[in-house]
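Some notes on the structure that comes next.
Which chain is which? They are A, B and C, in the order written, and residues in each are numbered from 1.
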Amino acid sequence: MTAPLLEVEHLTMRFGGLTAVDDLSFVAHDRRITAIIGPNGAGKTTVFNCLTGFYRPTVGQLTFHGHHGPVLLERLDGYLIPRQGIARTFQNIRLFAQMSVLENLVVAQHNELMRASGYTVYGLLGLRRYREAEAEAVDRARHWLDRVGLLSRADWEAGNLPYGDQRRLEIARAMCTRPRLLCLDEPAAGLNPRETAELGELLLGIREQEKIGILLIEHDMSMVMGISDHVIVIDYGRKIADGPPAAVRNDPNVIKAYLGETEEEELPEEVKADLEARGEGGG
Amino acid sequence: MYYFLQQLINGLTLGAMYGLIAIGYSMVYGIIGMINFAHGEIYMIGAFISIISFLLLGVLGITWVPLALLLVLILAMIFTATYGWAVERLAYRPLRGSFRLAPLISAIGMSIFLQNYVQILQGANVKPLPPQVTGGYVLGTDGGFTVQISNIQIIIMLLTVVLMVIFSTIIAKTPLGRAQRACEQDLGMAALCGVNVDRTISLTFVMGAALAAVAGLMATLYYGVIDFFIGFLAGIKAFTAAVLGGIGSIPGAMLGGLLLGLVEAFWSGYFTTEYKDVAAFGILVIVLIFLPTGLLGKPEIEKV
Amino acid sequence: MSVAAQGVGAEKARFDPARALKEAGLAAFVAFMLFLPMMGFRLVGAEGRLGLEYRPQWVVIGVVTVFFGHLLVSFLRAMRGAPVRPAGRVGPVARYVNTHAKWFALAGIALAFALPFTPFANRYVVDVATTVLIYVMLGWGLNIVVGLAGLLDLGYVAFYAVGAYSYALFAQWFGLGFWEALPIAGVLAATFGILLGFPVLRLRGDYLAIVTLGFGEIIRIILLNWYPVTRGPDGLSGIPRPTFFGLVFTRRPAEGEVAFHQFFEISYSGLHRVIFLYYLILLLALLTNWFVLRIRRLPVGRAWEALREDEIASKALGINPTNTKLTAFALGAMFGGFAGSFFATRQGFISPESFTFIESATILAIVVLGGMGSQIGVVLAAAVIVILPELGREFEQFRMLLFGAAMVGIMVWRPRGLLASREPTIRLHARSAGERSP
């Protein structure tokens, strides 16, 4: 059993009268891939936005065991959360489109470089200390470009990359912040089956080699079931299942939430595929 | 007390004009989320067209004031609305989907262009118009201080109320109003549902410009003097009014206009006239920082 | 050729006269409605009674021009196909200038240094060049805020005014010279930038624009009305001129001062000071440029650009948006303050009239036309905007009209500016496609 990395307790988020997340509790562990799945509008992205400081939860305690010991995420300003060791990607990719691929990765190391540049003073003077730090940052960027297969496109404008490359670049950028927990918001959305399989490999590789936790929101059930160590299913903001993929897959509540009252076995294959396809792109 | 009453009357008059301009800002912002920086210049053009129409009617021999006023009102609204339409068509429509600052920069360019266009065509000097509507009512006297409401002030307030009623009806009851409200919610979805988005946006600019023209006419009558530069300050103040009331909300724009007019009137009545514009800008900054949704606006939820 | 391809081709090549005529007719009608009141009549006789002058020929000319212009455009469009270049792409000229930016820059700097000694240089030319350089410096300074950080600042002239007035007042009160006052003016302007920026930088981009505009006006109104300090509309005069390492530029220096011409044992010429001021602003402008180019490659510069591109993603990477924007605002303001001090010492007299919104708009126009973020573009735009009105009164009158129209046109056709094409601040591979190991 690995140490808990993130403990979410009684997380509730209301927008006016709408309760997007309702009393959700779960734990994500170090060196494990935890997946949050659920139908459209189940509140998955809201959970992410609470974790990464874009929303302030109405109720709940989010304990994260980060670089500097345990912290309560709900008390931090959004920009401070990455400094504790949480990195995220976005459902609708958010790259710095007019900057180069390499620059995207160097910006991700902003805080370290800022210190090394003596808050700009040493940098302006061109001191060696900053130049070395920058070279190191470029090395890390090169490492991640290699891992996601974008090394040859390092000097491209990020906005000109094909869609799949943009998704992988966003993951590389998140990894350049050296997180302890990587949060991915539907990383397989819009990818073809081959790209999805490659993505699964990449995530497993990150788990093994970087020894960090991954928290994943996904619609693509095949990928979730294939790589996750732990699956949490939510529907209408509430947790309806929590456990290893095999157990969750057969949970009657989950089947009901995804497919209505009908038993999964009774549906023809193409209908199931169709239902899954429709599930994509939202959340 | 009487002094207070007088400032109240002056403030409401001023506020009615700000409110009419502010509606143009608010509607455009509500529908396409941009600040139509050139809207102040549209108001200025409305004032110029009003003054030209007055003179033209004088030449034609139409001197009976109520008829002349009505005709000027109609002429100013029609011709100014054309300017509103053309501005949208030339400077904003091609920019939909461009980068974030593009429409705003384009609007600033359009504003500079229109100011200089009028200056070149009509000259830089001020244009005085002899009083067209005279007289008024004395409401009371106190120790030599007379409180009065002039006929122009009455016309301005009545006209504003009438326009607000017509306007609210358009938004609430007609297909155009429905299309506008749909576009406000979601441009893309409205288009998919068969709303002619281009036309709706155009008509929004046309309506905003027509209301600004009325404000321009009122300013011409009330102050009796205009120049090519009046749009700048009036524009910023009306924008302040729109923000104060909650940008995107039409009753809010009117409310914000009235409040701003009152603040300015009382400020210059009790403190100093030199810094009255500072008061307006101060309100703008304070509202934006502490009450960014304004008095009647809806909060915006940041989409991540 | 497939049917589909034929269809597309046909759509491009066919010119439909009936439709074009109809559209041109509509455009002409709108033009008629626009021109009839504003061009057809001119208000004359402002002082006494206002009268009307009739100019129907203007309306006719305008409407006919629009009609045939529209027809011509639809015809050309049909002939050449749809606009070839998608928005955001740069043209070949811009690409050429940008790939050879270093050479253009070096040639420009060499030319700038040689200018006062070229045969065609006289007092007037050097004077105009000095004005150009003031705007270049202001443009480069504002480019930090608008081009790099993507914050639309419509009140930049306020910082220019703060710089100018703080030098004038420090000279008056404490007898500070230009060189002592320059850094203080810069720091003061930056402080104003921070004071303004702190509350407003969390606002949406377009709100920020209006608030900065309001701030610019507030500063001007205060300058206009705070008579005991600023002497209101009368302005401040007798602002001391800068010295060249302690040497003054007067014919007969005061007691204890040494004049430039005495020290170098040359005969006095009024041109000395003009040339000195020219080199002074040249150096200040180059300092600005060096600073901007350098800081663009530092973490803070990259963070500015990242915030411009996507604030939410920047936050998710741990960038503090408020502080980062604040540095851009403060540094931009600082250079505005430096330029303001120079302006004060050059003119010897300042009044609020020099710091109106038009001035802010002019600087913004320079940045926008030159291409946000482009350094050479700013120089060209500043040169055009300053030199155009010098060519004749007609240009003076039409200058802002043209610039307003150009700002709209640039946004429609070339949103990145005439000369902008971004170079990455750091590269992994050499410029050519081949890979290179470090």
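The rule is simple: a contact is a pair of C-beta atoms (placed from the backbone, for glycine too) under 8 Å apart; a residue touches a chain by one contact, two chains touch by 3 or more.
Quick caveat, the model's predicted, so the values are computed rather than measured.
A.B. asks: Applying the contact rule given earlier, which two chains have the most C-beta pairs between them?
C.D. replies: Counting C-beta pairs in contact per chain pair, the top pair is B-C.
A.B. asks: Report the chain whose mean Cα position is at the greatest distance from that of chain B.
C.D. replies: It is A whose centre lies farthest from that of chain B.
A.B. asks: Starting from the mean Cα coordinates of chain A and chain B, work out the distance between those two points in Å.
C.D. replies: Using C-alpha averages as centres, the distance is 48 Å.
A.B. asks: Calculate how many whole Å lie between the centre of chain B and the centre of chain C, each centre taken as the average of the chain's C-alpha atoms.
C.D. replies: Averaging C-alpha atoms per chain gives centres 30 Å apart.
A.B. asks: Roughly how far is chain A from chain C, centre to centre by C-alpha average, rounded to an integer in Å?
C.D. replies: 42
A.B. asks: Provide the list of chain A residues touching at least two other chains, using ranges where the numbers run on.
C.D. replies: Each of 54, 90 in chain A touches at least two other chains.
A.B. asks: Two or more other chains touching the same residue: where does that happen in chain C?
C.D. replies: 312
A.B. asks: Counting only residues that touch at least 2 other chains, which ones in chain B make the list?
C.D. replies: In chain B, 302, 304 touch at least two other chains.
A.B. asks: Quick one: which bits of chain C touch chain B in the complex? Just the residue numbers, please.
C.D. replies: Listed in rising order, the residues of chain C that touch chain B are 30, 33-34, 36-39, 41-44, 46, 49-52, 87-88, 146, 150, 152, 154, 199-200, 203, 205-207, 209-211, 213-215, 217-218, 221-222, 224-225, 312, 357, 361, 364-365, 368, 397-398, 400-401, 403-408, 410-412, 415.
A.B. asks: Show which residues of chain B lie in contact with chain C when the two form their complex.
C.D. replies: Interface residues on chain B, with respect to chain C: 34-35, 45, 48-49, 51-53, 55-56, 59, 75, 78-79, 82-83, 85-86, 90-91, 94-95, 98-106, 108-118, 120-123, 125-130, 232, 236, 239-240, 243, 274-275, 277-278, 281-282, 284-285, 288-289, 292, 302, 304.
A.B. asks: For the complex, which residues does chain C have touching chain A?
C.D. replies: So the residues of chain C touching chain A come out as 291, 294-295, 298-300, 302-303, 305-306, 309-310, 312-321, 327, 422, 424-429, 435.
A.B. asks: Taking the touch rule as given, give the residues of chain A at its contact with chain C in the complex, in rising order.
C.D. replies: Going by the criterion above, the answer is residues 52-54, 78-83, 87-88, 90, 94-100, 102-103, 106-108, 110-111, 113-114, 117, 119-120, 123-124, 130, 134, 138, 141-142, 145, 151-152, 154-155, 157, 173, 177.
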